[in-house]
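When the chains are written out, they are named A, B and C in that same order, and each has its own residue count from 1.
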Amino acid sequence: MNDAHHSQSSSPLLDHCPPSLPVEDYRDPAWHAAEERAIWRRHWIYVGRENALPPMTMRRISLAGQNLLLLRDGEGTVSAFHNTCRHRGAELCSVDEKKLRSRLIVCPYHQWSYSLTGDLVRTPFVSIPDDFRKEEHGLYHVPVQAWNGFLFVSLADAPPDFRDAPDLGDAALDNWPMADLVTGHVWVKELQCNWKIFWENYNECLHCPGIHPELSERVPVYARGYMAANEAPDWAPDTGQTLPALKAGARSWTVNGLACGPEFPDLSRAEREAGQTFVTLLPTMFIVAHVDYVRAVSLRPLGPERTELRAEWLFPAETLAAPGFDLANVVDFATLVMAQDGAACEMNQRGLQCDRFRQGTLMPQEFDVFRFQQWVRRQLPGGGMGQGSWVPVTHGDS
Amino acid sequence: MNDAHHSQSSSPLLDHCPPSLPVEDYRDPAWHAAEERAIWRRHWIYVGRENALPPMTMRRISLAGQNLLLLRDGEGTVSAFHNTCRHRGAELCSVDEKKLRSRLIVCPYHQWSYSLTGDLVRTPFVSIPDDFRKEEHGLYHVPVQAWNGFLFVSLADAPPDFRDAPDLGDAALDNWPMADLVTGHVWVKELQCNWKIFWENYNECLHCPGIHPELSERVPVYARGYMAANEAPDWAPDTGQTLPALKAGARSWTVNGLACGPEFPDLSRAEREAGQTFVTLLPTMFIVAHVDYVRAVSLRPLGPERTELRAEWLFPAETLAAPGFDLANVVDFATLVMAQDGAACEMNQRGLQCDRFRQGTLMPQEFDVFRFQQWVRRQLPGGGMGQGSWVPVTHGDS
Amino acid sequence: MNDAHHSQSSSPLLDHCPPSLPVEDYRDPAWHAAEERAIWRRHWIYVGRENALPPMTMRRISLAGQNLLLLRDGEGTVSAFHNTCRHRGAELCSVDEKKLRSRLIVCPYHQWSYSLTGDLVRTPFVSIPDDFRKEEHGLYHVPVQAWNGFLFVSLADAPPDFRDAPDLGDAALDNWPMADLVTGHVWVKELQCNWKIFWENYNECLHCPGIHPELSERVPVYARGYMAANEAPDWAPDTGQTLPALKAGARSWTVNGLACGPEFPDLSRAEREAGQTFVTLLPTMFIVAHVDYVRAVSLRPLGPERTELRAEWLFPAETLAAPGFDLANVVDFATLVMAQDGAACEMNQRGLQCDRFRQGTLMPQEFDVFRFQQWVRRQLPGGGMGQGSWVPVTHGDS
């Protein structure tokens, strides 16, 4: 999140040590419920790749305790609704994915049928009395947003404007053919930690030397505990050095360091030299774009101390189809890093079982942890909610 | 429940669309606890067949969070107590069923001994000081009621009068030899739904065409979404047609449609032609009597979103003993219907995970769902409790 | 706990029947949390044998919801801390036991390093701004106490003085070589009961004739429901009879009744004749010292209705090493007794599921149950807390 708040030509370090969030914020079920309402049921949340939802298909999705239906019609339009019939509340789609047989969503319980835009069309077998007006019994609509091939929904009455998101206009993924990439691998892991612990870990690299020896070897600034070269006291902005950058000779996050297929043709020289471009979309996901493939990592809170982590590796279709393509050489590298981060996050959560520890202390290098926590503070009642800030930013991370 | 509230010669349909119960009533643990107190610890609850409890036997029963002891003495009298010793509260019977070795209930912990009427008789090893009066330390008594071979208990301080139950006086089971029937099969299934969802499903047949194809073929009015013929606009009460009736040629709820043994000799012509007679005993059970056997289905709430369903098939002893008797031909039919209903109930419960859905809307054909919900509303504080209404009625169902 | 409150020359029996504790105290989660704070996070709690923690080793311990670190340095000094780094709260020791590689406790997350006395020494990679003072970021210290080879910690801000404990000065274990005994066997069992149920069972022997036939045969007064001979109406204090005593010919709690090795040389004649000497350390443990070995039994509440029971058998090293030593002959006897007590405790807990039972009634022989309950009442807010009573006493038990 090292963006407009500090220019890359000056040091991003904090000049003091602010307190971290109170320990209850990571453990208390009531606080977690408040965060679900203020953050997870309000911001745009990633729900899947656009090209993984074929036409005339619907999907069941669980998000922040809500049961949703995501569907694509025959023309390609994607919509979402609460997965709840308006008659007596039955679930409309009871499987993870189902083909639509007609241009109707039919409730399996009493066959109430809705158009693909959610209007109630038919109520078989029942007689309709005067006080029943079909137009008052449409499905509960959920807004959907597509961006770079990713689909997002918001459960807010008035969702934040996706296009107002800071930095989205010049987000660094424009040179990648994002919408065309296909999913080559998925890794899902349940972490025994609060979702904010994961983002705090993501937002600093002080842990890199100890937790990520392989990654620190690949990205030399990480071995010094920096997220980017401009944290160093001897940083000279006019060297033209790219931040952060893979070590000399390495092209990507692969086990052997080589690109796993053809490099994307439209990348800038800086993007190519950096070897990794991060985009952060709070609270739902981050994206790491390499010269040869892209990785998307998303979170789903399952409780105050449980979070589901999901990683998807995205490739050009030709790369996946190429003879000799070695998937393990790609996925094993980041899987190792994510497993290391996951274990560190769980270790952090376990240490919070201490009734004398009120809150931690952030160090100057944890400027992005601080920014993340300030963002969280703004979302919650009493913490200055209401500005709908949506934060996708270029970012250096672990 | 299509009884005195509407004559069978006029349409039972509602003339408007009332709201269903609020969604919290199906999910909130505090509300569920209130229902346990107001409904399940107050009304008469089915606890087993009379002839399944041999003389000099005691049984442990769990009911609405209470641990009970049901016993039959040597003369055949059935009693029930809280399964709790008055000394320090130990459980008196720690197994599901146990023979009584004497006319005493002996606590295994410190050997306090109670008569079979619950009086404290002996306290071995202890010296008794002046302030201890044995008559103040008897077991907590629980009233028991037997009806048609079924045993019921009530946890109320002042239980409703079983004999005051509406329609019980002329309940339709008088022509069946109910007390003599023996249990030939038991099927138990835990449903992931609130107990009221089950009763709502039971109280309408709009779902029959979609959920129960086999049953709808067997009972033709069900295929039209009716519970009984009198729901049809073209219903003529003077045809003498029985409601509801099995299709021509079918005699019973069996896979092949034939009676599984000799037909009960004392049934009326109408009972024989209908082929199925329903009696509903809210909130605990319903009974379906056929010409050849009887099925008893009872509920036990395990939590706001969990309910245990138990079905017992009751036969004349001779039917079970007859050469060539085919149990599967009997039980497979209703087991399929109940499994379909169970899946529908769970689908309904899952759809209630929606914070925009406040409550459903009942349709005119859901007159008995409405009556059930009105009954529930009357039981709860603020909803007009205190009339102790006990509702066994003849009924057409799913 | 038959100590100063009543001389052994007079009857300890109560002259009336006081009420037992309210049933909610054994089941309510909020009450249990209050007990955790007032009792389990305040008194000295047993955490392991001193000689089972080698120098330069640290251990992770869970106590009343707190995550602790117990360590011994190279000179043998034992310390304890909350297992929580002061930086962002990570767990310092993430395994049950770990060797210390240096005189530093190093947090695995960001390498903050603490001295073995808990001072923050190093914070690698970070720059230290003016407002950060290392001396304010030391580990949270937890006091440790060693007594007779047992280690105890207290989570209190101001722990009770271990040496002020009643009767500790003349505790009966002085004639046993307690610190030198080594652990020969450990038995752990999770009981489905409140921790107080266990102590109540421990504090009376009315249950012995019914629950412990083998033990009652070994200790004749137990067969009469007494904990000690002075409960008998015909007790004559001037007989010099030891209380309680094993039956003639039996030397110890072993299956065959014989000592399992050489008898401890320094026992008094009374200790040798009694054959069993009990010391109770509320709320954490009791110790039974025999002429040949010692058993230590400790409790850990896991929830309002779950308690972990742990027994350790302690022997002279020579006994364990002797050819022909038969461990099963020793441990099978007490394991049987503890399994019987555990089943009785669970039976007691199950009987408390009764909304008409408010509380039990104590009988005159339950004078030590009453004393235990009075102790509990004093610990809790509104019940007269603040005297920090620590209660190790000589005791006759089951």
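Keep in mind that, in the parts below, a contact is a pair of C-beta atoms (placed from the backbone, for glycine too) under 8 Å apart; a residue touches a chain by one contact, two chains touch by 3 or more.
It should be emphasised that the depicted structure is a prediction, and the values quoted were computed from it without experimental measurement.
When the CA atoms of subunit A are superposed on subunit B, the rotation angle comes to 120 degrees (nearest 5). Counting the residue numbers used at the interface between subunit A and subunit C, under half appear in both copies, so the two copies meet with largely different residues.
Averaged C-alpha coordinates give centres for subunit A and subunit C that are 49 Å from one another. Looking at subunit B, one finds that none of its residues touch two or more other chains.
Within the complex formed with subunit B, the subunit A residues making contact are 41, 65-67, 82-92, 94, 108-111, 123-127, 129-132, 137, 140. Of all residues in subunit A, only 13-17, 20, 23, 200, 206-207, 209-211, 224-225, 344, 347-348, 350-357, 360-365 touch subunit C in the complex they form.
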